[in-house]
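Per-chain numbering from 1; labels A, B, C, D and E assigned in written order.
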Amino acid sequence: MFYRENGQFKTTYRADQQIFAIRQDRIAMALILAALFVVVPMFASDYFFRAILIPLVIMSMAALGVNILVGYCGQISLGSGAFMAVGAYGAWNFYTRFQGMPLVPAVILGGLCAMFFGILFGLPSLRVRGLYLAVATLAAQFFADWMFLRVKWFTNYSPSGSVSVNHLQVFGYPLDSALSRYLFCLALLVVVALLAKNLVRSAIGREWMAIRDMDVAAAVIGIRPMYAKLSAFAVSSFIIGMAGALWAFIHLSAWEPAAFSVEVSFRLLFMVIIGGLGSIMGSFLGAGFIVVLPIFLNQFLPWLFGLFGLSISTAGVAHTELMIFGALIVWFLIVEPHGLAKLWSTAKQKLRIWPFPH
Amino acid sequence: QTEQFIPLLSYRTGPYAPNGIPWANGKQDYIKLVNERDGGINGVKMSFEECEFGYATDRGVECYERLKSRPGVALFDPQSTGVTFALTEKANTDKIPLITLGYGLSIAADGMAFKWNFPYLGSYWTGADALVQHLGKELGGLDKLKGKKIALVYHDSPFGKEPIPVMQERAKMHGFELQLLPVTAPGVEQKSTWLQVRQSRPDYVFLWGWGVMNSTALKEAQATGYARNKIYGVWWAGAEPDVRDIGDGAKGYKALALNGYGQDTKVAQDILTYVHGKGQGTGDKNEVGSVLYTRGVIIQMLTVEAIRTAQEKFGKGKVMTPEQVQWGMENLNLTAERLKELGFDGIIRPLQTTCANHMGSTSVRVHEWDGKQWGNLSDWYEADPAVLDKMIKDGADKYLAEKNLKRREQADCGA
Amino acid sequence: MAFFLETLFGGLMTGMLYSLVALGFVLIFKASGVFNFAQGAMVLFAALAMARFSAWLPQWFGFESKILANLLAFAIAALCMFAVAWVIERLVLRHLVNQEGATLLMATLGITYFLDGLGQTLFGSNVYSIDIGMPKDPVFMLDSVFDGGVMINKEDLYAAVIAAALVALLTLFFQKTSTGRALRAVADDHQAAQSVGIPLNRIWVIVWCVAGVVALVAGMIWGSKLGVQFSLTTIALRALPVVILGGLTSVPGAIIGGLIIGVGEKLSEVYLGPYVGGGIEIWFAYVLALVFLLFRPQGLFGEKIIDRV
Amino acid sequence: MSNYNESTAGRKTGEVILDVQNISLRFGGVKALTDISFNVREHEIRSIIGPNGAGKSSMLNCINGVYTPSEGSITFRGQTFSHMNSRQVAEMGVARTFQNLALFKGMSVIDNIMSGRNLKIKSNILLQALRIGPAEREEIKHREFVENIIDFLEIQAFRKTPVGQLPYGLQKRVDLGRALAMEPQVLLLDEPMAGMNLEEKQDMSRFIMEINEEFGTTIVLIEHDMGVVMDISDRVVVLDYGKKIGDGSPDEVRNNEEVIRAYLGSSH
Amino acid sequence: MSQPNIVLNVNGIEVIYNHVILVLKGVSLQVPEGGIVALLGGNGAGKTTTLRAISNLLKAERGDVTKGSIELRGERIENLSPADLVKRGVVQVMEGRHCFAHLTIEENLMTGSYTRADKGEVAANLDKVYTYFPRLKTRRASQAAYTSGGEQQMCAIGRALMTNPNLVLLDEPSMGLAPQIVEEVFHIVKDLNTKEKVTFLLAEQNTNMALKYADYGYIMESGRIMMDGKAQDLANNSDVKEFYLGVGGDGRKSFRDVKSYKRRKRWLA
């Protein structure tokens, strides 16, 4: 009824190629952005910023990066945690070794480090495919874990191997309050998301998807698998690396390699698959799901049990949380194997023809 | 505002659960005991909330963010070295003291540099130092260590790496050879580590492990025929879960004992009467008085005493702010009598903190597993200030310089 | 030289144990095209059940015999695994017929979480032991040839024998029964397999049951070695390079892969590790597998990856 | 120099553009192709027919570099290759459709066809990310071209549908569209009309002939519908068990004894 | 055959893919015992969907039958699994072949005998398939993925025959087959039909062939049955003649002469 494209005619290809071709979508997007930048800061508490919003925004960025590789280019990767780690340690080394290096360039340089690392570990993808590649990317993960633990240079010979940053500033403004950190990450995310969206709807994005869907045919129409795959690895690990730098600098402030363990890689893969492979929007939904759900369950379950006059032990909550988390993942996959984003677009499609069922 | 809130991080699931559970139970039970037996601290009852984080740093940080602004919050016990590292800076801005008993940042003993960190009773540096002293004593003099070879088998994480500088320092001093053997967390596969041990045949093995790594190490030692009585563990590798299911296989294994333990101590008896006796016990009755359980109790006792000390200055019967608790923590003075009164006789030694010394005491003993239980406690060792003080100061200075921070003024200590 | 032999043996034995876990992956992949990440969780779950029941049963029914307790516990744990298999088929796989590999993989990760939670809820999170009477102390051989002899771990030796027997059995199962062929068909194309009347549901239950038993055996052996505790699940991560090196679809591949990885990682750690600070074996295993894959992208014995227009 | 030939179908054909010489292809024991030679002239519609498994698709695969022939060479516009490289072939202007539908299933119709124009896109990855100025103009320019193809193939209604959901026949059209987007000089079509009914086949024939006439595209066609082949092709090669058994105008082929025996059967 | 039994009765079914895409809008059809019924229609008409609905392979495509009923010899079969249907003798040859890529041709065929226990019977069936498609015999040991399109099509049909079916749902059997083989496939269909009383429902684009061999035909357009009737009647219907058989008033039209204007089927207008 309200969600219709009737009457909106596109007279130019340019108009048709907009990211949000339907007016209602554009309005919705503007509203969401306004909400994120203006309304949320008015209401969110410090805890909400630090424990939920900031991780959510940063993980969204990482998931976006993973989605480019896994969702768009079809190269399943379990090494994302490693790319984050390289981004984080790379940025840290630039930040501490060069006096006066500002934050944003450090983050970008961290992204570039991750990019080179990504390209290096992307090389096997030219020969190894599918699940074999997925498992092989774990090599990157464990190698990075080892490297940052063992090669002392990367941690500037800190005896424990743990490093930290403080007094962050952006363009002279200190990033101390949770709000400023949130806005900083959000602004970066918006920029990255826009650039990523542009990429995936351009020629390079089509190359990635072509490689994903049918690589022999792609080669026949002149797409070089090597270029497509490595560029996907590069772009993806660049974004993941930046997210890693943010995660370390903004969210953790002090970290050790375990902060980017294989568990993180799995979680990122979860995000993109639950969210929707090959969908920018899906990355965000998936990140939301995976970041928020455990925290929510952790706080909601005792309350729920309390309702029935039961008290539940901490361990009980933790175990129930695991079970519900696992069950929900399976349930969502069954309801819509193509992820939350697909669920979302199906809902939109229904809305479009509403009130008629078909 | 009538209650003092104690946030409790815990890990009752995941790879480190076997050790995390008794520890967490001890921490809870002591709070219950004080509330039940004494009616709180000068009448101020304590409330608590547990937050499960599964030994994952980021979830621990989330717990911190969630609980730090609860009304009446006193301090924070990060419960893992990783979380301690992550919180050290945040605590600085949030002005919340961190109690890290027997773990965390070794250089944080320097209270002038780390206002908010309290590695009570000892850090990994003091632990490593004491172990070397113990070896020296067994051999009949530290000079006998010359030419010996010690292998450090350690958990490959900040926790495991902390003792290395002290070990290296001591190796230089006494001329023993140090072999470093990292074990990838969580440490379930150590065959090659122990093959290397077999190859290089070190005279002693120091085991810096946590959780499943400890029992695996001892089992592999058995499987490769390395004498268990040549293995010495840190205090996180010297509790019941580490050896219980190996039984005789670990006979002769020794480890640091940060604290005394046992059900016959007064505090354990009190807990059995006032807490378990009223059906309020957190875990299994048999677990009361076990090594890690007792450690949890100690942490909570020190918390309570710090609050009590603070109340003495800022007003008895009032709920203390974190900043007031911080003052209490660095002005703690637990004499032998006081400890006895509290029921901790034989569990820990007297400790006194100051603005500059956040550790309070570095006393530690060594105990041995006889196949059924821990026992055969050695004398107390103190870390050698000649070795450590300079290292701590240098380390803290380097940290401050890197962070662009300043040492506290002496004036800051008064308040 | 003696030490080299020891390392070699040590590697072979560990490799054999990895194979046992890898076997679970291979079975399920071969039969349904599902890369089952839950294998690690299944190993833990089975081991927990076995450990707990072997302690509970004598308590409940007041008998002493250790052997009886172990046998009964094994049987009950196997039943638990059958139940798990059945539930997984009913509630998960059945609804995901014909979906892509990535989706199925994620579903098994969901199952992993669920099993981790369930296992700990039912059986607790402490360390439990399984005592099936494996000898713990090493024996020394060839004392006459080498000084100090060559140390061999008897426990590992037994474990390796059990693993080998299991593999032989499974290989037979796949080669000699018509089910074997049906399984491969299902892995290729769920829908087409349905269309010719292969009952996916039944097949899946069977395969997951078999995988459950394999997990149980693996859990029992690992558990008796290490104690049963949550960390057992991480063994799965160490077995993954074995799976890809041997080939996702090959039972013998899991064995050969296991041996190569086992030996490779131990030798590398012992002989290369010291030069770079140690702790390299886990990534070395992956890199080793990767190197093999560069020459054979489908693993040593895997089915050739089909690439045709 | 140009010695135009008048083909039987009444079409002006030019010089030899593609010359296949003595190609053999083996897979283990299977001899997919044995010593095949034939040529294709500019502007002509050249058909390859033969029973199932004769090696027709393999022949196309050799031409555009998917398979590497074990012997023989291929000359394209005067350049001789012992084996082709896919990218190079695409750059030289050879496009192709597939027998078993090799579309990019997850992409929409538009994106599938747009991907055919990727070779022509000049802006680099940074420009594409920023999507400013030249990159956007370029994208729009190509989009216009693709829209023309979509109009031409009459699939406007499905522009944004993921191709995986289209019925078989339409997918074949999209496949053709993707090939056309490359503006090829030579178009290789592998059974473009399989699974179509008569009306659809007529449409498809019309498309093929229009492409051939309007753009002067040379077409190599594999098809099992003899009606179509005999009606629209200029010359026909017949393969059987990897060997060439006939080559010539449709009429010659139709009356070739061996071809009748091996392939056509008596009813044609 | 005066009043043949109805084996398959499809009654007003509606099919929705993905919860939103309505594809079949009330399709009804009947297949009599021992008959050959053809289902004709253009691309996207919904033939494949209809067959999938019958053989219950729709679930795997995320489609659902939301209305109507399907009966096999009087028994409702919507809730049976495809395997149950195969046991009852209903088998579908899927569009697009779907051979098991890693299995050899012979193994592919043998999967069809999964439900058959009798070894002798299986061997006989295999022989039969090889006599129908000698080409398969020569390629029996190669992996299905590496056989030509036509060979795969034969393999798919052969595999279905291995189940000893009594009702075969054939989806575009002639696709990609050489004319001779097409002829042969239809011969086989007829053969099985007359000798072994196998019933066929075949979706086909090759209207010519289909109507030549079928007894009865349904014509589908956009998810509805537009026309049905005896095969001969349909073959003589002038619309069908023009649009499906290509024989206008003056015999077969050359593909050459098809011009660029688009004719529309009258009944759709």
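Brief remarks follow.
Note that contacts are C-beta pairs under 8 Å (C-beta built on N, C-alpha and C of every residue); 3 or more make two chains touch, one makes a residue touch a chain.
According to UniProt, the chain labels map to these proteins: A, C = Branched-chain amino acid ABC transporter permease; D, E = ABC transporter ATP-binding protein.
Note that the structure is a prediction, hence the values are computed from the model and not measured.
Summarising the inter-chain layout, the chain whose CA centre lies farthest from the centre of chain D is B. Centrality by Cα centroid goes to chain A. In this assembly, the C-alpha centroid of chain D lies 29 Å from the C-alpha centroid of chain E.
A separation of 46 Å divides the Cα centre of chain A from that of chain E. Centres computed as Cα averages put chain B at a distance of 75 Å from chain E.
Among the residues of chain B, those touching two or more other chains are numbered 12-13, 17, 21, 156, 182, 184. Chain contacts: chain D has residues 66, 98-100, 102 touching two or more partner chains. Among the residues of chain C, those in touch with two or more other chains are 120, 125, 277-279, 282, 308-309.
Contact residues on chain B toward chain A in their complex (touch as defined above): 10, 12-13, 17, 21, 24, 50-52, 54, 56-59, 61-62, 65-66, 69, 81-82, 85-90, 93, 105, 156-159, 161-162, 164-165, 182, 184-185, 395, 402-405. Those residues of chain A that touch chain E in the shared complex are 346, 349-350, 358. By the touch rule above, chain C contacts chain A in their complex via residues 35, 91-92, 95-96, 99-103, 105-107, 109-118, 120-121, 125, 237, 240-241, 243-244, 248, 276-280, 282-283, 286-287, 289-290, 293-294, 297-299, 305, 307-309. Within the complex formed with chain C, the chain B residues making contact are 12-15, 17-18, 21, 156, 180-184, 186-189, 191-193, 195-196, 198-199, 211-212, 215-216, 219, 222-225, 241, 244-245, 249. Across the complex, chain D is touched by residues 12-14, 16-17, 195-196, 198-199, 202-204, 206-207, 209-210, 212-214, 216-224, 231, 235, 278 of chain A.
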